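Quick one: this structure, given as structure tokens, is what I'll be asking you about.
Naming follows writing order (A, B and C), and every chain is counted from residue 1.
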Amino acid sequence: MNHLSSETFRENARAALADVHLRGALKNATSLFGERRRVAAASLPNWEDLRSEARAIKDEVLSHLDKYLEEFVRTAESRGAKIHWARDAAEANTIICRLSAERKASVIVKSKSMTTEETHLNTALEAAGMQVVETDLGEYIIQLADEPPSHIIAPAIHKTRGQVAELFTSELGTPPTDDIAQLTSTARATLRDRFAAADVGISGVNFAIAETGTIVIVENEGNIRLTTSLPRLHIAVMGIEKVIPRFADLDVFLKLLPRSGTGQRLTTYQSFITGTKRHATDEGPEELHILLLDNGRSRMLAHPVTRQSLACIRCGACLNACPVYQQIGGHAYGSVYPGPIGAVITPQLMGLEKASQLPYASSLCGACREVCPVKIDIPRLLLHLRGEISERKGSARERLAFKLWARVMMSPVLYKMSSVAGRVLQRVVPISKAWTSGRDLRPIEPRSFHELWSDE
Amino acid sequence: MNNEARQEILSSIRTHLAASAPFDARESPVNHAVVLSAQPVASNLIDLFKENLEAVDGHCIVAHGDAEIAEALTQIISALQKTKLRAQRIAISDAPELERLMYMTDLEIEELGIAPNASDIFRFDVGITTGQAAIAETGTLVLDSAHERHRLVSLVPPVHIAIVDASTIYATVGETLSMLKIGKELSPAVTFITGPSRTADIELTLTIGVHGPQELYVIINQSPRCT
Amino acid sequence: MKVSLFVTCLVDQLWTSIGVSSVEVLRRVGCEVEFDRRQTCCAQPAYNTGYLKEARQVAQRFISIFEESKADAIVSPSGSCTAMVHHYPQLFAGDNEWLPRARAVAAKTHELSSFLIRVLKVEDVGASWEGRLTWHDACHGLRDLNLKSEPRTLIRNVRGAEFVELEHADACCGFGGTFSVKYPEISLAILDQKIDAIERAGVNAVVSGDASCLMQIGGRLSRKGSKVRVMHLAELLGHR
């Protein structure tokens, strides 16, 4: 897979800015999603209270995560689910490959799961000789295109219908058509074969209820219901942060998630799955395996500012609101998780060194914080990460510059001298091209306000 | 369950939470006001349900008793028979009243399947089930797998018709969630269905009918004895 | 009412008329204005770039200077600088000596429009300005200080000024401090959305409460040869 890397973020962003089609698609998508979210939120007079409550529930869980996970495991196991723990991506993939191989699986259907993208599960399954098919339409499209998702909710948002049509023609041999209904119908027909033949269904999890051992998965297309009803084995993959305490807590989250993600009151389907079927002859899978993935999440618990990263319910609202994401799209971030939330969790999951540019690629405008249904203070998180990065791997030149800056700012004499020096130097030292390539720069005032005041 | 991984992860969680304690103490307490305002009381749940289901491209018919339900089924299916959705092979769940209702309709069809299994279900054009409950504020149908064998019948055929008793319409999602749990264990599979399946994954253009049914009909049975 | 002016390093060095107008407006509404010449910066540049140690040093200096003031309020013509001062308690969390001092100074610090409307309850400062203008909501003022209606109320009372609401007035201008030079292409792409909206609004001037946004927007407008000028709220309110 030709994935962009977070380490080349600057180049990625430049390329994205030059892509006229992409920018058009992003503008449409983000403004449409943004407007729908706004309307949906405004339709609930107690929206702010809901956000507060959701955040309070998440804070409660995260500050006692071990306890709630253990409760979830107990209740889920008591209903017949098998639980697996994976410390990292490799372990998760190994477990899932083993489970599939043990059951001699050859066809695996998958529904959308960011967590499995994070672990690059499909690559591992294919390497093990198994055929994996993404069944969410957007994911199916990017799977055919061999690209990563560019948005948390709508993974193929960067593709025009023409591009999708070309893709279907070259990969599936279907006659070229621009008709979206026709394209959808093609995907449906092709994928139905796979559903019918599938030995294993792999899904994500939106919420895992500690009280009842239930996993809850939401969707619009119906592929999750098919993935989790037809195959004999259902594997549900979840980050350890997905657990919430009580079944009744779902009310708050089901009000916030669909509205924040797509502006819907409810997505078409919610599946509440609790363990395995009661009788062998009942419909549904014979086995349910739930995989709990850490992969760096437990580390984020170490500080209240980073711990809130784990409150994320993956709605994508922050992406749509972000002026940076709106211009460059998801691929530029070089991570499965793009946008504001991606800028804060990618460095934490992958390591600061691997994604050190991301926390700086923000104007700190705060639009993300405003729309986040669980009130994650992303700007504060970005600043926290900038602090960590400057401490651990900051540029020596920049550190020196700020040391000098502090000296100047702490001394009125130095401050005055520097403004005098600035007035002279601005005539000879070329001002940063980074500014002047697109913008004029105001000259330093011939007399500072300090001096004008003294004149009075 | 892989114990070593479990131990390590739980231990990592505990260690990092402990490390957070001094910083937690410094955070100014955030006032997470927990005041959930009272839900508006719906006057007519049937009307509200119908309005909300139709808003998401579902169809809602109110019927009073078996004769009217059978009539509704006749109308729906014969209309569909004139379209490319065919409606000739009808699958019904194992709810006992459905077979009876189908015979009352006198429809001409090619096949009637009762709770077909996974290898057969794909050839059916229409799936008919009952619903265990409905939610007025969202236009949602609630299927509880413990009560009926309708998981595949409600999902695979391109048309889904569900019959719901008016007395099982709840005002809100919150109430419904409570009901699902009260006095009993949750069923292995409960499904909320709000309209036909949809996607906007290509250019954000809404398309109805993807993997799940493209048509959803909910017949509300308002028994003549109740108002 | 005695006010201590926190003019901000940006205004001091690059846009003194904002400071001059702020003093003019405050005096016009009856305030006595003092200016502590020891002041330099609120530490925002260091804080935003992740240099917390240096940010604390400079913030301590700010606190030491301004806590000595006998004025009733510290007023600043900058939403972002005011928001920075309001973040001082967070910067000194856990510090038994500096936290209470940070809290005290933060509680007394107000942005200009907020001070006029919320503290002095003044909506009309007797200003006049002829022409069509619009308002850009600077991010920190909007989201950290909740300034939305306050500037608009003040502008609507400027005699002769025709106010039009800007499309996406609350969209970021793309400045973001060092972001504007670390990622200039992205900064410009975001900026151009704002510029397009301003051009569509058909105004003579765009007004905002933060000199940084005005530098960003003004710098691009002038590069494009636009006749639209940028103006700080203080300059508008100071105009007669």
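Keep in mind that, in the parts below, a contact is a pair of C-beta atoms (placed from the backbone, for glycine too) under 8 Å apart; a residue touches a chain by one contact, two chains touch by 3 or more.
Just so you know, these numbers come straight off a predicted model, no measurement behind them.
Q: Please identify each chain that touches chain A as well as chain C.
A: Intersection of chain A and chain C contact lists gives B.
Q: Report which of A-B and B-C is connected by more C-beta pairs in contact.
A: A-B
Q: Using only Cα atoms to place each chain's centre, name the chain farthest from chain A.
A: C
Q: State, to the nearest whole Å, the distance from the C-alpha centre of chain A to the C-alpha centre of chain C.
A: Centres of chain A and chain C (C-alpha means) sit 33 Å apart.
Q: Report, in whole Å, the distance between the mean C-alpha point of chain A and the mean C-alpha point of chain B.
A: Those two chain centres are 28 Å apart.
Q: Measure off the straight-line distance from the CA centroid of chain B to the CA centroid of chain C, and report it in whole Å.
A: Whole-Å distance between the two chain centres: 53.
Q: Which positions in chain B are in touch with at least two other chains?
A: 23, 27
Q: Using the touch rule from the top, collect the residues of chain A that touch chain C in their complex.
A: On the chain A side, the touching residues are 10, 13-14, 17, 323-324, 326-328, 360-367, 369-370, 383, 385-391, 394, 398-399, 402-403, 405-406, 408-410, 412, 415, 419, 422, 432, 434-435, 437-442, 444-445, 447-450, 452-454.
Q: Which positions of chain A touch chain B when the two form their complex?
A: Listed in rising order, the residues are 25, 28-29, 32-33, 45-46, 49-50, 52-53, 55-56, 59, 63-66, 69-70, 73, 77, 79, 82-87, 91, 95, 135-138, 141, 154-157, 159-161, 164, 180-181, 183-184, 187-188, 191-192, 195-196, 212, 214, 220-223, 225-226, 229-230, 240, 247-248, 250-252, 254-255, 262, 265-278, 282-284, 292, 294, 298-305, 307.
Q: Chain A touches which residues of chain B in the complex?
A: 1-2, 5-6, 8-10, 12-14, 16-17, 19-20, 23-24, 27, 30-37, 52, 56, 118-119, 122, 138, 140, 145-146, 149, 151-152, 155-156, 173-174, 177-178, 180-181, 185-205, 207, 209-213
Q: Write out the stretch or stretches of chain C touching chain A in their complex.
A: 7, 9, 11-16, 19-20, 35, 37-38, 40-41, 43, 45-52, 54, 57-58, 61, 139-140, 142-144, 170-172, 174-191, 193, 215-216, 218-220, 222-223
Q: Per the contact definition, I'd like the list of chain B residues that touch chain C in the complex.
A: 22-23, 25-28
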